[in-house]
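Submitted below is the structure of interest, expressed as structure tokens.
Should a chain be cited, it is by its letter among A, B, C and D, assigned in written order, with residues numbered from 1 in that chain.
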Amino acid sequence: MAGAFKAPIVAALAVAPRHVELVIEHPELSMAAPGQFAHILTPGMLRRPVSFSRIDPQRGRAGLLVQVVGQGTAWLAERSPGEWLDVLAPLGRGFQAPDPARPWILVGGGVGIPPLYSAWERWGPQHRAPACAILGAREADGILMAGDFQGAGLLPVLATEDGSAGRRGTVVGPLEEWLARYPEAQVMACGPNGMLAQVSRVAAGATGPVQLAMEQRMGCGIGACLACVVPATPVGPEGPRYRRVCTDGPVFFREELAWSWI
Amino acid sequence: MDLSVRLPRGLTLKNPIIAASGTFGFGPEYARFVQVNRLGGISVKGISPEPWRGNPPPRVWETPSGLLNSIGLQNPGLTTFLEEDAPFLRTLDTVVIANIIGHTVEEYRTVAAGLQNEPAIHAFEVNISCPNIKAGGITFGHDPDAAYHVMRAVRSVTDKPVMVKVSPNMADPWTVAEAVVEGGADMISAINTVIGLAIDLKRRRPALGGTTGGLSGPAIKPIALRVVWEIAQRVSVPVIGMGGIQSAEDVLEFLMAGARAVMVGTITFQFPQRMEEIIDRLPLVLAHYGFRSLEEAVGAAWTSRTADGAEGGE
Amino acid sequence: MDLSVRLPRGLTLKNPIIAASGTFGFGPEYARFVQVNRLGGISVKGISPEPWRGNPPPRVWETPSGLLNSIGLQNPGLTTFLEEDAPFLRTLDTVVIANIIGHTVEEYRTVAAGLQNEPAIHAFEVNISCPNIKAGGITFGHDPDAAYHVMRAVRSVTDKPVMVKVSPNMADPWTVAEAVVEGGADMISAINTVIGLAIDLKRRRPALGGTTGGLSGPAIKPIALRVVWEIAQRVSVPVIGMGGIQSAEDVLEFLMAGARAVMVGTITFQFPQRMEEIIDRLPLVLAHYGFRSLEEAVGAAWTSRTADGAEGGE
Amino acid sequence: MAGAFKAPIVAALAVAPRHVELVIEHPELSMAAPGQFAHILTPGMLRRPVSFSRIDPQRGRAGLLVQVVGQGTAWLAERSPGEWLDVLAPLGRGFQAPDPARPWILVGGGVGIPPLYSAWERWGPQHRAPACAILGAREADGILMAGDFQGAGLLPVLATEDGSAGRRGTVVGPLEEWLARYPEAQVMACGPNGMLAQVSRVAAGATGPVQLAMEQRMGCGIGACLACVVPATPVGPEGPRYRRVCTDGPVFFREELAWSWI
């Protein structure tokens, strides 16, 4: 279930240059799951989808970690505690809970990191098998929530393209190493399409489920307009089937996506 | 104030606010946010005989006070609609309009025939104004003759009320309206989206996967009002107006231009509850501008001089 | 970065920013606020053989991100223009384009002939897209044949560069563009305003004295881009784009859609200095998006697939 | 001459319900004349024309008395001292200076009163012949600047339609009485079209000049777009000639206007 409501901002923190984390509060947010999102009213013609970066079901609180890329996110970044956000939430199909007995690899790039942190926050405590979070970005500033992971007991592996934090390169190197070690691992990933395509390719041989959280420009956010589609399987002679990120996703299993069309 | 609207063939709306096709799915999607039964009606997403996959993404792009879309009429097709979507629609206590699409006259007939006995459907909206659909190189919606034949084909298989949805992308949209009335249309709905394009500067290509798209939202309200104004004064059947409606005042503009009811689309994405708010405020707004009934407002801005499409503009 | 633009018949603009006809008077009005000689050019208010009185007020009305106008092409006529307005224009050091209008083919010819020897005028913009002007019940601008004949008549009396301004109020605007190129047009300018209407709720009548009006401003930018995109890929002559331009980024959208230069209209009312700001920022914006020259940006968003007017829209 | 500039608001006063007077300051405003106006940037698509309610040439200050009727004026009414207005000013043809030796009647209705006060403020001190200000409105709240007139030495005659201030009725009664007493009087008037039409009719027999300040929806405000026209003389077989309020006016002599067409 989801609702349309106004939620007060209870905290707002500049977490990195051009990145802000807002925490909002509302009873409906108790139902939020990792990988789901809020569709937020901003001054533009359309709402803006933002994933939950953390979820506190007891207090009905959820975090929204926003990177400023345009007008809507700039407006969000200027909001202060005490102001209210008009949201539709929680929306979408989140991550399927991991098998606590199976190795677990979380792969996040840039603003793809927050939904993975919410997954770790939710399921990490019960997890019994090895786990690892691989966080990537172009440069150190883009690595988000590394401290949160650490605080929640998981020291993340970092990779930056310019080498300014962690290993130089993309998340692919560490991912390949982990998969070599734990071929039965389950994978959850979120980040730019290029990164997800690589994750999908590298994890093709893995035996565990591979879940990828996708982005697409959205209209309604609730499944009515068919704006937010991504190419999905099966691919027929005329092309792929299109599925909705807002309700069929944002989280898809890798087999569901038609990567050659994305 | 009584907001009900009587339309041809016994069709009655509780109120003049109908959810516009393509912006309200097949009904259940918004049911979590909207009391669907409070609406005057809903027009479902366009239905074709077979499934259509639609256009590649991106499918939406924001423009000043407007929205460009190129969904490409993705839909599951008639059979799946009847199996999966019609059951929910049957539970509704409001008017359900089937928006129908096809590549050929025959396809329109097939969909109408296939829905003629479906109790969930109370009326048809024949969408001939989608630039995706071609007949002899000209879209049905821009060719009065082709439009006439589509309407005749639909009329031949159904006695349900039928409205035809016309395109704003022409100087004389009334020619199509007149032709479909001649072909048996009970109502006209106007307007569909305006053809538009945006460029994604970063990607150096058209912003939409489908290249061009349809412009909707407040930006097109004056375009829509002009089409409604001109058609409503020329045809004897009711006109259902739409295009950029955001408020009860906007609804009143459409009524005064000659519409009997309206459809509301794009604004629902921002404000799912806006249609209900409009229904709540409409009596107050009508009264504020001195109208004692909804009917009184219909065409209230018509002057003695007939619109001849020749005024204004530079 | 060199912003100059070479156009047919030796016409060269300092930069691609031209003040749009009807929004910049005959030149001197804005000279107190704008350094007119910094502009790439100006297109003056439409000129007819005899004076036109124009439409009754109100003549403008605001709409979401747009402006409706029904000036009705009020102008002092050819003789008064030559006596009172041309002398100031002769003092300008920028390209001056005469926007010409008529009720008949003959009237267009008369204005062009009358201005052929006026040194103030460097080029013509033949305005066939004003819904006020009728030929056999159809406006010249919506009838490729009539448009062809207007262009032929103008061509027969002038060797100055001539552009024809096309209407967006049709599904296939390129048919008119192709016809006038056939008739000898050196360039196409696009678009004129989109036909629209607003209702004044208080007065219970159309808001504009002329009933319908022309919609301009940011609201119509996607409509304009679509027309430019489709015409520029079909005709070999340069296209001058316009419609809703507010910023250097908007200019780049038009260039990438295929325009060689642009005109800027409605935004000048809000920000008289905006055209100069755009000229200042354009090199930075071009560079920001990776273009090393203005030329490189022209048509940069064209894909291999030809626009066929058939995509997108619902 | 006129300019395009940003001027700070140096004072903002709520002068009546839904009426605010802003005072702005800029050297160009030293040139402002009574009857002229400023074209003010507001969030809408077009600027908003507002007459000067008072002009202090020494300090380059001018008043703008605004009645809230829609979005633009509501925005103006919310402005505070220290904020800046983006204006084109001073614009238009103002009042022709009165003959100081001739009786002078000022007739103002509602927000038509401010430009008349600026005329009195400018020319009243030198005026030697009898003068009178007739201020009208529907109800007492609509009578503006009565105190300003009084402070500047002219006790205005008030007329309200509901009788809540001054005489019950319109400005026409007092105007007829004054014109009967001073048939050679010069008249300046500003107000709703209905009132101006009556003034024009009543003053038809007067021998002095009758100046009327008109309103019309404007585009450019500077003479370029021909949006702001009013029907003017001569009236030909097909109708009147149209003249621009922004540059040919706002102030017209009554003979210049084609009242039967307005």
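FYI, a residue touches a chain if its C-beta (ideal position, glycine included) is under 8 Å from a C-beta of that chain, and two chains touch if they have at least 3 such contacts.
Because the structure is a prediction, the values reported are computed rather than measured.
Any chain touching chain B that also touches chain C would appear here, but none does. One inter-chain figure worth recording: chain A and chain D are separated by 61 Å, centre to centre, where each centre is the mean of the chain's CA atoms. Centre-to-centre, using mean CA coordinates, chain A is 47 Å away from chain C.
Taking each chain's centre as the average of its CA atoms, chain C and chain D sit 37 Å apart. The multi-chain contact residues of chain D, meaning those touching 2 or more other chains, do not exist; every residue touches at most one other chain. For chain C, the set of residues touching two or more other chains reads 22, 63, 65-66, 69, 71, 217. A linear topology is adopted by the chain contact network, the touching chains following one after another without closure.
Chain pairs that touch, as defined above: A-B, B-C, C-D.
Against chain B, in their complex, chain A makes its touches with residues 1-4, 41, 44-47, 88, 216-231, 236, 238-242, 247, 261. Contacts from chain C toward chain D in the complex involve residues 22-25, 29-30, 32-33, 45, 53-54, 56-63, 65-67, 69, 71, 74, 217, 266, 268-273.
By the touch criterion stated above, chain B contacts chain C in their complex at residues 21-22, 46, 55, 63-66, 68-73, 127, 130-132, 134, 138-139, 142, 167, 169-172, 192-202, 204-206, 208, 210-215, 217-223, 225-226, 229-230, 244, 249, 252-253, 256-257, 289, 300-301, 303, 305, 307, 309-314.
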